[in-house]
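Heads up, the next two complexes both have chain A, just with different partners, chain B and then chain C.
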Partner chain A sequence: MNSLAAIFRQNRASLLTLLGLVLLPFIAGMFEGASPAAVWVNAAGTSKFIQGLAIEIFILALYALSFDLIFGITGLLSFGHSMFFSVGAYLTGILLKSFGLNLWQTIGVVFLAAIAQAVLFGIVLPRVKGITFALVTLGMASVFHILVMSRELGDYTGADVGLQGVIVPDFISPANERLRFYFVALAVMVLAYLLYQRFVASPTGRVCVAIRENEGRARMLGYNTFSFKFAALLLSSITAAFAGTLHCLYQPIVSPNTASMGFTVTALLIVLLGGVGTLNGALVGALVYRLLDFGLRRYIGESASFINGAIYVAFVLFIPYGIVGTWMLKSFEIKKGWERLVGMVKK
Partner chain B sequence: MTQFLRKNLILILTLAAFLAVFIAAGQGMERKDFVITLLRGLSVGSLTFLVASGFSLIFGLLDVLNLAHGTLFMIGAYLGWTVYVRPDTFVDVLTPLALLIGGFTLSALWTKLSALLPASARTNKIFPWALLLVAALLAFTVITRYPISSWDTENFSQAPGSYSLMLDQGAPLAPPAVSFDKINPALALLGLLLASSLGAFGLSLFGQQTQSPKLTVKEFIPFGLLALIGFGAFAANDALTAFLTGLSNNWLFLIALLVATLSGIGLGALMESTLIRPLYSRPIYQLMLTLGMSAIGIEVVRAIWGRPEFVMPKPDIFSGSGQGCPATTLAAWWDKNCSIVLLFEGRVRVYNEIFIPLVGILVLIAVWILLQRTRLGMVIRAGVQDREMVEALGINVRRVFTLVFALGVGLAALGGILAAPSMGLSNAMGESLLLNALIALAIGGLTSYPGAALGSLLVGLLQQFMIKYGQIGIAIPFTEIIFKPTPPIVPASTVLLMVIILLLMPNGLLGKKE
Partner chain C sequence: MESETILEAVNLRKQFGALVAVEDVSLKVRKNSLHAIIGPNGAGKTTFFNLLSGNIEPTSGQVIFKGRDITHQPVHRTIHFGIGRSFQITNIFPNLTVFENIRLAAQALGADNFKFWQPASAFKKYESRTWEVIEKVGLKDRALTPAKTLPHGDQRKLELGMILAPDPEVLLLDEPTAGMASEQVPELIALIQEIQKAGNKTVMLVEHNMNVVMSVSDAITVMHQGKVLAEGTPAEITANKEVQTAYLGGLYELNV
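Right after this comes the complex of A and B.
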């Protein structure tokens, strides 16, 4: 009992955020005067819209989290990360639509495919390093992008229009059962985040951080760096593929843009906004990124990407550690300053 | 000899395989098709090379992966187009631009002045920002009222595309007349000069230098030159416009090439010294910064020149037609300036397939001489090998960094304006070329100059042969099947080539082994 209270005290902020997220649909409904019961049965309204936006943020957060694991934690710069995501999205859509599998079988196949593409990246991994690895992964991802866009596979992928007309199982349909979808997405994100935290805190994760800091030294200490990097890649690939699956289930169209390099850059941007290598930075970054993008497109229109780019540059120049990273740095100073203040008062 | 063979076995085998494929590809088509495809490959290769060589120099010396290089290529194209199609706009822009830059060239004076200010911690924090704000407001007020004869992207009859089209038809549109009716001309010029001086003074207050530089006449030369350009262009605005418009468009094209390259060099120097320089200690962030710059650059181009694609007419020397064309001999071409010559009975477009590769080869040789035969080139080569050693020898590497970055961007801008008449101008022209250049560099070796040339050539040839075979089809041996590569396979083929070569030789064909 005592330890439970201690856990609660240590993670007060996270638990409160989680509680807030669980209650969010109902609170959002209340602003409009919709009762929680109405929200429960998925009545149309602001709450449903907010839920939709939140689901998109959860999916983006999941995707950014998986990128942070290989880029921020393990230090592998991959430009092919959008492939991890889009393979999950396209495979889910195609299996459900063209092959008539049910959802669980689909998830199983996506799981296997995620392992397969991690192995594909793993084959390249020991051969090329640094910027060459980025280029090779970019190459593999753009081959996948071209495949998705090609007319020969258009019957399955929908070519440059995008994959549409996927019939989502009724019990999780984003139109009628959005609240359930919301909780599923939230649960997946929270579980992935906990798993990632556990992974980074585990001995394996510590070695991954060591590889980021100095790979040569990690190898000198006797670690087979390849297997650690591969483990991170595997976990990241599976997470990103599941984010893709959720994306496919939620969105009416899977756009081929999710396979392009631009989508990898989105992940990079989110991680940068939140703070590289901080895990919860990816979640905060996804929130800020999606809301910013949404607001700018709504109120400014077409030139939104100019402001996006400007914010990006400003972050690189002035806030290099991102939101969470800067908070972590400054919170120590704030705490020290607070203590000094308290000390002066006591005297 | 045997040792050399053993060391470079993979390289030799790969090159032999390329040669075999190349010969086989030549067997499958008619001679005239082969010649045309070869020339087109050279042309694409040359443009790729202009982007790739600058990119590789920058990456080799500065360790900066400049992902904004494609955008700078595009900006070069648009700037060149402006000089070529709308020389009057170019003349109008000259004055405010020169005056706005003018103040910043007087850094020695500002440092001297800032030493005279009373040192007070509180005012020193606010004062520079206030100055910058005032300068920005002043510049904004003047610029929005300053008359610049421009185009109108909203109005189709005055859109950039329409100007281009009408010039090509031989009936150029008359540019809209503008005059100083919103602002007094003397006030405008003074305001611009004041704004740039205030801005520069504000900036100089940030870095508190301890030693003040000597004020000599030499410090004032750049400012004097800029002021001369600014006031000169203002005083002789009409005469200059009339002169440029009356010029034969061959000369105008040459001026456009020069202006695009020079502004590329200026832009590169500015970008390196303000944005890239603070980030040398954080390599990954440079990459992200250039990505952001690329997004901003595309949006700026969209805001100024609009989203629709448009063409740029070719200069007269490459666009003749009528009696005696297509030319069959060099003398006939020179006589009529035909746009097409017959080579082995194939119709070859002079600008696209002969002029661009020629310029590419010229630049290749010029930069090669610069790298091999000059002191600067020696420093660059040494810096690519071991930067710290060069620094330790007492050479100002930072200045060389700025020079190389400027040179690289200048080459990209030159590539842009060269590509404009053949490719047309679009917001996306930079991205595809950057991807080509990246692939070419990965194939040839990231920091190797000959590698950049070889890789660009391979990428260009492969793409063009794939496109050609997309039309005639490849007969697969021993079967009846005729395989026709579709358009998506063209980029995929180069990417696949890159992946295969990188897996065989992680440093590229000519990259140095670590």
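Right after this comes the complex of A and C.
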């Protein structure tokens, strides 16, 4: 009992956030006068709309989290990250639509494909470093982008129009069972986040951080750094592919843009907004990114992307460590400040 | 003094284009000895160390450790054989704490590196080893500060701690006192001597401070332009005419 209370005290902010997210659909409904019962049966209204926006944020957060693991934690700059996501998205759609697999079989295949693409990236991993790795991974992702855009595969991928007409199983249909979808997406994101936190605190994750800091030294200490980088790639690939699966199930259409370099930049941007290498920065970053995009588009319209860009530049200039990174720095400083003050008073 | 050879270089050669940095160096390091390598800048001392530790591949020649050819082993294997190596230019994990720097060194040789479902703090044996080493190198008060904020002298101690943590048999120390304030040098040298004597370790030392070298070494190898110029006890080296004219003469006052 004592330890439960301790766990609660240590993670108060996270647990309250989680509680808030669980209650969010019902609270959003209440503002409109919709009863929790109406929200429960997926009645149309603000709550359903908010749930939809939140689902998109959860999926983005999952995707950005997977990027933070290789970029922020392990220090690998991959420009092919959109491929990790879009392989999951396209494969899910194609298997459900063209091959008639059920959802569980599809998830199994996506899992295997995620391992396969991590192996593909792993093959070049020990051969190229730094910016060369970025370019080679960009090349691989570009090949995939060209493949999904190609007319020859158009029957499966929908070419430049995008993949549409995927029949999502009824029990998780984003139209009729949105609340359930909301909780599934939330649960996947929370579980991935917890798993990532555990990974980073583990002996394996600590070595990944050491590789980011000074790979040569890590090797000299006796670590075969390739295995650790590959472990991070593998976990990242699986997470991103499942984010892609959720994306395909939720969206009526999988756009080929999710395979483009632009979508990799989205992950980079979210992680920069939230704070590189902080993990929860990816979640906060996804929230800010999606809300900024949504808000500006809604209230400003055409010139939204220009203002959006200006905001990102301001972010990099004024809070280069991102939201969570800066918060962590400041709270440390403030704590130090109080300690100094207490020390002065005691004297 | 035992005379068993623990580490041996056989005609070790490294060529960078036309430059021969290390030219067919053969050398035997006796077990439990403190063997110093001296020589002017550019003599090839650090390159020679890099060859021994596997950081670079030799053009030709062999490195034999305890009778086993380890010449072409990847660099991350070196410490697994029992050879630890420190660097002339401080080479640490700058944003991690002193504790974490040494803990990573302690964890490396264990079998727990891929237990990703357990927190690193659950492995008490590495943590207790880390505290042991931190105490030994005298960084206990600094354990939780980020390594990059340490003063240079303390970073050198950290560097030493990082190679002590896995408890290697042979320590290759590349100018451990480089850039240290002169009053800190005796302390670190005393520590190195203590480690060598108490733990029955073999130490190879590159050092510029002649007084230090002459007082602590069991054997000295003088390198000059990539070649071995002379080898012997401190007394023999001091008496060696060739060494005096080529290297020591006029530069250092030797009192033995």
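The rule we apply is simple: the second predicted complex is superposed on the first by the 335 of 347 C-alpha atoms of A that agree within 3 Å, B and C clash if a C-alpha of one lies under 4 Å from a C-alpha of the other, contacts with A are read in each partner's own complex, and residues count from 1 in each chain.
The definition used in the following text is that contacts are C-beta pairs under 8 Å (C-beta built on N, C-alpha and C of every residue); 3 or more make two chains touch, one makes a residue touch a chain.
Because the structure is a prediction, the values reported are computed rather than measured.
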item	value
Which superposed partner A:9 touches (first chain B, second chain C, both, neither)	neither
First (chain B), second (chain C), both or neither touched by A:346	neither
Partner chain in contact with A:204 - chain B first, chain C second, else both or neither	second
Touching partner for A:222 - first (chain B), second (chain C), both, neither	second
Touched partner set for A:231, first chain B, second chain C, both or neither	second
Chain B versus chain C as contact partner of A:298, first or second or both or neither	neither
More chain A residues in contact - chain B or chain C	B
Overlap of the chain B and chain C footprints on chain A, listed as residue numbers	none
Residues on chain A engaged by chain C in the complex (per definition of touch)	198-199, 201-207, 209-210, 213-214, 216-225, 227-228, 231
Chain B-facing residues of chain A, complex	77, 124, 127-129, 131-132, 135-136, 138-140, 142-143, 146-147, 149-152, 265, 268-269, 272, 276, 302-303, 305-306, 308-310, 312-313, 316-317, 320
Complex interface listing, chain C residues touching chain A	53, 55, 74-80, 85, 91-96, 100, 103-105, 107-109, 112-121, 123, 162, 166
Chain B to chain A touching residues, read off their complex	65, 275, 278-279, 282, 284-285, 288-289, 291-296, 298-300, 302-303, 435, 438-439, 442, 446, 486, 488-489, 491-492, 495-496, 498-499, 502-503, 506-507
